[in-house]
Structure formats: structure tokens, C-alpha cells
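In the two assemblies presented below, chain A is common to both, partnered first by chain B and then by chain C.
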Partner chain A sequence: MKEKTIRKSRWMTTIAFIIIIGVTYFSAVITDFNFIEGALTFPAAISWIASNLWITAETWERLPAILTKLNETIFMSIAATTLAAVISLFLGLMGSQTTKVNNIFSVIARFIASFSRNIPVVAWSLILLISFGQNSLTGFLALFVGTLGFLTRAFIETIDEAGHSAVEALQATGATYSHIVSKAVLPQSLPQMLSWILFMIETNIRSATLVGILTGTGIGYTFDMYYKSLNYNAVALVTFTIVITVIIIELISNRIRKVIL
Partner chain B sequence: MTLLQVAKLGKSYDSQTQVLKDVSFTVEAGEFVSVIGPSGAGKSTLLRCINRMVEINHGKILFDERDVGSLKKKDLRKLRTDIGMVFQHYNLVPRLTVIENVLHGRFGYKNTVQGVLGRFTEEEKEQAFYLLDKLGIAEHAYKRCDQLSGGQQQRVGICRALIQDPKLILCDEPIASLDPNSSTVIMDHLQSITKELGITCIVNLHQVEVAQSYSDRIIGLRKGEVVFDGRSALLLEEQINHIYGTKQRELITV
Partner chain C sequence: MEAFREKIPLEQLYIKRAKNGKINIKSGNKIDLVTKWTIAVLTLLTVLAFFFFDYTGLSLERAIPETWHNLKTMFLEPSLSHFSWGEAMYQIGVTVGLGVLATVIGAVIALFLSFMAAENLSKPWVSKTVRMVMAFIRAVPTVLWVLIFAIAAGLGSEAAVLGMLFHSIAYLVKAFSEAFEEVDNGILEAMRATGSNWWHIVTHGVLPSTFTYLLSWTFLRFEINFGVAVAMGAAAGAGGIGFELFMASGFYFDLREVGFITYAILIIAIVLEMASTRLKNRYFPASVRN
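So, the complex of A and B:
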């Protein structure tokens, strides 16, 4: 009996494996994608990257200009995230089951959250680019809207998770809504919320590059400019600085997280 | 003096199930009353009707000559400051310290600004430490509540109720998540609250034996109806079987 089951499950694995290969093959045929040709382009691509995307001595001279732009991008991400966090806090309180004032506000808060979250940042930047034109406000707004949706959702869940029990107890003592929010809900959920904000700052610095390319602001614009003027050495330097920045921000926020959680 | 008068209280959460039916009883000031009954009999709902944590559908509750059901927001707050509540799961804010959690009991007397800024008078702080000392957890005052054992957390919960300076304390299954030793400690404290401070206690309990040994009076609930109301000594095997149903009773004693 046991042997039979084992043999059966082995069969199932084999069949599943064959199906996956079959699906992959057919997708390749339909989309005209040739594995061998694709693989053959690798050496050429890598040798191009090795020969062109190289930080040369003269590109270092451009570093100050790049760093100014990078700074602008970092602070824009932080500003967008913190402003979104403040508004998300209110929306989160409205949207959560434990702290909602009434059902209408709760539905509105949840609607704003899912509306701004389900449209990708890239789409937001293109939409806002048309309406606001090419300036740093557009980039800021694109990050802000995406962050608002995500953080509201995360805050609603954090508050819900913190639980209804302490809220009930404080209600029973005769505490007011603002007492309950400030002394029971926030102390319990603030560390988790800060952790989400830090995560969002990291994410936003990464997406700020893409948003910048689309809206012509910050480090993304610098990247795009060098790229289009075929100055690949400078492109390499820009990429390098972005990578280093993201790593540093991640290290810092991991530190902070360890302390607060 | 009659402190609490419940008359023909009825409560239902939806149209099909009536959680409480025609519940009537009175509680004198300084009494220690236990409410017993099987799970789902409506014990928790009954307690929460008294401080109107759930709305009352039918009937009337008079607490200290106030009609609980008709109170407006401000008066309801005032009523709740007079009624302390102790919960099965302690319902503390786990990340805050013991002393902060105890002082939460004073919010009923604070306006919004005082409460949000956490302005407590020296007397209130002294009272908080006095209560912690009385319940034997003064040395943990600056610890976070999630570092305490269940029994210790429940004592914090009792302190939070006592600092309200209440006339009545409602205890919703205060020992249901505790081990036998901590249970005895908590029940002793509750008893001394009534005996020494003269504060009336209404305690929901699962354990019939505990109810019999601690309370002056027992109210038995079954399917939302009062089926026993009298002195503890009068609660005999027959009445217990009637409250729990014979089969369930056997399960409990084993």
C-alpha cells in the first residue's frame, strides 16, 4: 500500500515535470523565441558590458553633479514617504476595524488605498506627467500616491493585528476615542508602522530612478541623459552610486528596525 | 442599598438567536456575586450590558439610580468610570509598562488634552503604586506588560480597574486562562476588594466550585435565562445539573 502511494507520487512528479517542459516549449514556439539564439547572444552582450559600462578616470569628474542629483532623489523619496505616512496614518485609523469612526469613512479609506495602490507607480508617473508637466513635483506626486496606497493598507493591517482587546478595556474605563488611539493603539502598532515606513523609503529610492527616467527628474533624468548621449561610462557610474546608496539605506534601516522592534 | 437593578433585560445580536431573555435580578452594594453557566449562556453579554459595551435591546438596567440604556455619550462615560472591568485575556497594552497600563484606568476622569499628553497628578501616581504594592507586583512597575506572567498581568488588570475608584467591578472569566495557583491568588484579591474596600463584584465563572467557595450569591444562567438566583449554600447538585444539563456537568467534573 505504502509502496504504491510512493510510486504514484513519483509518477505525478514526472508528469508535472513533462507538462512544464511542454508548456515552456509551446510558449517559446508561439512567441518566436529561440533558446539557442538567445543563449548565443550572451557572450557578445557580456563583452559589450565589460568594454563599455566601465567607470573610467574622467567620468569621476562628473561625480559631484551626479551626487547632487542623487541627493535630490533621496530626499524626494524621503519627503514623499513621510508625507504619505502622515496621511496614511489617518486613513489607516479610519479604515481599521478596531478604530474606525463609522462605516462610510472606513469604506472611503479602503477605497483610496486600493485605488492608489492598484495603479502601478509607472502608470501614475505617466498620468501625472501629462497633467503636471515635467518637474520634480510630478516625480514627488507619483511616489507619494503609490506610497499612500501601500502604507494605508499596511497600517490598517497593523492596527487590526494589534488587536481589539486593549481598545475594549479602555472604552470600559470611560476613555475617549483620542485617549484610546494615542495611548493604546499607537504605542502598540508604532514600531511595526515605522518598519513599514523604512521599507517604503528603501523601495521609493529604487523606484525614484525609474520615475525619474519617465518624468525627467532627479537621478533618473541624469541616467537617461547619459544613456541617450551614449556616455556609457557615466551610466555605469550613476548605476554604481545608486546601488551603493540603496545598500547603505538598507543597512541603516535594518539597524533602526532592530532597535525599535 | 440597591446598587444595580436589572429588569427584564433582553438582548439579541441577530433576529434568530436571543442571547438574553427576561433577565431580572438586583445586586446590593458590597455583594460578591458569581454568574455561572455553560459557554454561550450569555454571561459575557450580560456583563457588557451593565456598562453598555453592548447595546441593550429590551428591558432596563438601573445602576446607582441611573438608567443605563438611555444615557447620552457624556453620561455614559461618567457611568463607565464608576464601573471597573477585568477581562479573561487581561486586555492590557502589551508594549507599555505596568504603571502606564494602571494609569490608563484614570482616563475616564481626564479631558482629551490631559489624556493624550498623559498628565497624571501626583496623587494618581501614588495611588497607582499603592495598588501595585497591595497586589504584590510593585517591583514590576517599570517592566513591559508582555514580560509578565498571566497571573501578574491579571493583577495589573485589577489595579487598572481599582484606580478608577469604581462602585462596581465586572470580571469576565478572570481566571479562565490561569493556572490553579494564580487563580487562587486572583480570586483572593477579588474577594478582599469586596470585603475591605466595599466594592461590589460581579464575576463570570466557569468553575462551579470556585463560585461556591468565594461568592455570597450565585446567579445561574442557561440559554440566556436566569435559572438559579440565591445564596451559594443553596446551590446543590440538582440546581447545578439544571444549569449545565446533566451530560455537560459530568464532563466538567471529570
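So, the complex of A and C:
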């Protein structure tokens, strides 16, 4: 590297830092955030957690009820992810440069993906709650829409990255569209797609808690109920069961990933 | 080939065949088997899921047209009625601000923790402990962190930022430490040979070659944190545009206002996404772009 470029990149770094500090300061002002108070809150919060969030003997009696709700949440996330994956596969095939049928479908697929992904899952659940009411299907649909957007983008990227050469080779032999997709595109990108699906199931179990708090379904509702009735021992138990579930699912999907990727 | 055949009797030259006599080329492929099983199990669980759902108060024939009508009202006639344009801009500013604070503070803390988590810069037991703590933190949903902090710290931006910090740190430590581990070991060895201490290695060997990479990851996290900040406003009373969204839909039932807020969030999210896509294409090698 020449001295001039080094000096220039130093300059850029300094400017970047000044901008970041400025933006941070402005954010603290607008959100009324006090750094010292924040720093002091932290040990206080940790000590509160250490003294109050304990699972006591009598809360274990609530375990069956909690587990039923947790079960519902897990099923909700898996169903939302799998069904969204099926539709995303079609949208992904439409949207990808390698496999698109024509430009109009490609644009439509990308638009649907961008639209459903960028409206936060919170907004979807609040919108759906108005007419679907307080039941599992509301949470399911909210997760479904968000997952659809994310997976479509991921699938489009996966298919694009899988490369054009196998597709071209099959085209040269005169293979039809369905042959190309089933024999060249899918086998190459399926492991990566599956990895994305597993990632989305993990994410959705965490999102399902949030959606549950808003729509009054699943484990999120249970958490919210105990939280609002100040039953912190039960809150600890609910949190604990969620942590265990998420970690188990992460371990299983890491295992699967290790084999297929 | 002929010599090879003579040595082994034909029965031992075992070739799996399908029933119609075709040579089975897929047998023994573990990848295929696991892929098939995963898909089968997921399909089964999805079918089962619909039997476990709780359908109280649901009538699809009423809900679907109603949602359609609501969506049309939202997206075709957005307007504000409970607060002004200025107020809306301010609330968006609060949400973006929460995202910025959680990201910047998170990145600074994550930088130090990731030195401990990177295997080439720290001791194995330190790295393992940090990783385990981070895995635990990531397993608790952000909204629970914020709500738990809200009990101790009271409702306000401090609880929200602290709660969001936890996940930002866990996410960034993973990204940062992986970036450090990819630094060429030759650089580190060369520096160690000159007698540099740990601090020198970090500031002159590791950071310069990973810096743009770290900034890009931080920006990607900011994109996520904006969405999280909206969610925390709605679910944990952290204020900002998320809270307004919650009030408009849950209390006023004002679909036009919900539409306006949704558009506002959508525009910012799309701008952030475009920026992060450009960053990814510029700084990230194809192998880690996901």
C-alpha cells in the first residue's frame, strides 16, 4: 500500500468514527437515554434477577400447563416455517435469475418477498389479530408471512449461487424446465435451503414468544399472564423452558447441518 | 481391470441393485438420507400441528374477507388522526435511536468479548465459556430480556436498550470472533516472532485486516435492531413507532393510521435493506455472504 492510500483510509476511519459518535449522541438525546443510569441499571437488574427469578417447588406444578402452551408454540413455528418454505420454493424459482420463467414473474416474486419481509412480524400479528381473533391461527399466519419473505430471499440467493453451468448443460441436452429444476437446481441447492429452513425454525420459536405476547397465544401469552400477575417464579420457569427448547432445537439443527452441508 | 477381477470372486464384488436390476447409485449416501428424513419429519410435524392448534373464536369465512377489507383500508387509504406528521417523525426517530444505541454499545462490548471468544487470540477455556454464555443469551427471546429488565429498571429507554443489547452482543460476538479466526495465522506468528505482546497483535495484526468487515456486520445488526426496536415498542412499552402501532391497532382500531405507520416502517426497512445488500456485495466474500 502506498503511503497516500494509508493516510486516506486513516482519514476515512476517523470520519466514520466521528459520524458514529455523533449519531449515538443524537440517539441518546432523542430516546432520553442516560448512559450513566443505563450502566447503573445493569448491576441492579442482574441482582434483581439473581434474587427473584428462581424456580420454586410450587411453580413446578404449573409445568404441565406451560408445556402444553410451549408445545403449541413449537408446532406453530414448525408449521409456519415448513408451509412458508413450500411457497418460497416456488417464489424462489420464479425470482432467481437462473430459473425465472419471465421477467414479470421474477419482479412479482421479489416484490412479494420484499413486502412481506420488511413489514415487521409485529405489524402482521396486530393486523391479523383484528379479524382472526385470539387463537393459534393468528400467530401461525403472522409467522408464516414473515418467514415467507425471508425464505424467498434466501432461496433466490441460494439458487443464484448454485451456478449456471449445470442448468446450461441440461438445456443443451434439450431438457424441459421441470427436468432442469428437479435434476440440476434442486439437488444443488437443497442442502443450503434446508439449512435456511432449520435456521428459520429456530428464529421463529423466539419470534413466536413475541407474537404470542401480542396476540395472546402460545407460550408468549403464558409468559405475559404470569408477568402481569407478578408471579416471577413462574416467569423464571417459562423462560427456562423456552431456553431449553431453543438450545435443543439448535443442537439438532447443527447436527443435521454438519451432515448435509 | 481383468487382473483385479480375478483376485476377487464375483460374489464379493457386491453391487447393490434395485428390483429391476438397475445399479443403485444412491445407496450409502448419508447426506441424501438425512435430507429425506428431515423433510419427512418436518412434513409430519406440520400436519400434526394443525391438530394441536387452539381454534377458539375462529370463523374463517368471516375472518378472511374481513382481513382482506382491513388490508385494503390500511394500504390504500393511509392517514394520521391521533398524532401529527411531526410527532410521527419524532416517534420514528425514537425507534431508530433505540436501534442505534443497542447496536453501537453492543458492538463496543462485543468487540472485547470476541477477543476472548476467538480461539486464536485467547485460551481454550475462556473461549468456550464466552461461547456458552452467548448461546444461553441468544436462547432467551429479546422481548423476555426487555420485559425482565423493565421490572428492575422501570419502563423506559434504559430497559429497552439493555434488553436489546444482550442479543446484539451475542450476535456480534459470534460474527466478530469468526472474522478474527479467519485472520491468516502467518500474520499472528510473524508478530509473535518479533516479540509483540497480545495488545500489539490485536491492534496491528488483527483489527486492520478485519475492520471493514466488523463495520459491515455491525450495520447488518443495525438493520435487525430496527425491527427489534419496533417490536419492543409494541410488546414491551419501549416507546417509539412500535408503541404507536400497538395503540392504533389495539386501542383506537384506526386502520388508516395502522396503514400509515406500516408504510413508514416499510420505507425505513427497505432503505436499510438496500444499504446492507450493497455493503454485503462490496465487503463480504461470497462464501460468508449469508
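Methods note: the second predicted complex is superposed on the first by the 214 of 261 C-alpha atoms of A that agree within 3 Å, B and C clash if a C-alpha of one lies under 4 Å from a C-alpha of the other, contacts with A are read in each partner's own complex, and residues count from 1 in each chain.
The working rule: a contact is a pair of C-beta atoms (placed from the backbone, for glycine too) under 8 Å apart; a residue touches a chain by one contact, two chains touch by 3 or more.
The structure presented is a predicted model; accordingly, all values stated were derived computationally and were not measured.
> When the two structures are overlaid on chain A, which partner does A:Ala79 contact: first (chain B), second (chain C), both, or neither?
A:Ala79 sits against chain C, while chain B stays out of touch.
> Identify the partner contact of A:Thr56: answer first if only chain B is touched, second if only chain C is, both if each is, neither if none is.
In the superposition, A:Thr56 touches no partner, neither chain B nor chain C.
> Regarding the shared-chain residue A:Thr31, is it in contact with chain B (first), chain C (second), both, or neither?
second
> Which partner chains sit in contact with A:Gln171 here, chain B, chain C, both or neither? Use first/second/both/neither.
The first partner, chain B, only.
> Quick check for you: in the superposed arrangement, does A:Ser229 touch first (chain B), second (chain C), both or neither?
A:Ser229 contacts neither chain B nor chain C.
> Of the partners chain B and chain C, which touch A:Thr14 in the superposed model: first, second, both, neither?
In the superposition, A:Thr14 contacts neither chain B nor chain C.
> Quick check on the superposed pair: does A:Val243 touch chain B, chain C, both, or neither? Answer first, second, both or neither.
The answer is second: A:Val243 touches chain C but not chain B.
> Looking at A:Gln97 after the superposition, I want to know if it touches chain B, chain C, both of them or none. Which is it: first, second, both, neither?
neither
> Using the touch definition from the top, say if A:Asn254 reaches chain B (first), chain C (second), both or neither.
neither
> Of all the chain A residues, which ones make contact with chain B and with chain C?
The overlap between the chain B and chain C interfaces on chain A comprises residues 191.
> For chain A, which residues are in contact with chain B within the complex?
These residues of chain A touch chain B: 165-166, 168-176, 178-179, 182-184, 187-188, 191.
> List the residues on chain B that touch chain A in their complex, please.
51, 53, 77-81, 83-85, 87, 89-96, 100, 104-110, 112, 115-116, 118, 157, 160-161, 164
> Provide the residue numbers of chain A that touch chain C in the complex, in ascending order.
13, 16, 20, 23-24, 26-28, 30-34, 37-38, 41-42, 44-45, 48-49, 52-53, 71-72, 75-76, 78-79, 81-83, 114-115, 118-123, 126-137, 140, 154, 157, 161, 190-191, 194, 197-198, 206-207, 209-210, 213-214, 217, 220, 223, 227, 232, 235, 239, 242-243, 246-247, 250, 256, 259-260
> Spell out the part of chain C that touches chain A in their complex, as residue ranges.
30-31, 34-35, 38-39, 42-43, 45-46, 48-50, 52-58, 62-63, 66-67, 70-71, 74, 90, 93-94, 96-98, 100-101, 104, 135-136, 138-144, 147-149, 151-153, 156-159, 161-162, 211, 215, 227, 230-231, 234-235, 239-240, 242, 245-246, 249-250, 253, 255, 258, 261-262, 265-266, 269-270, 273, 286, 289-290
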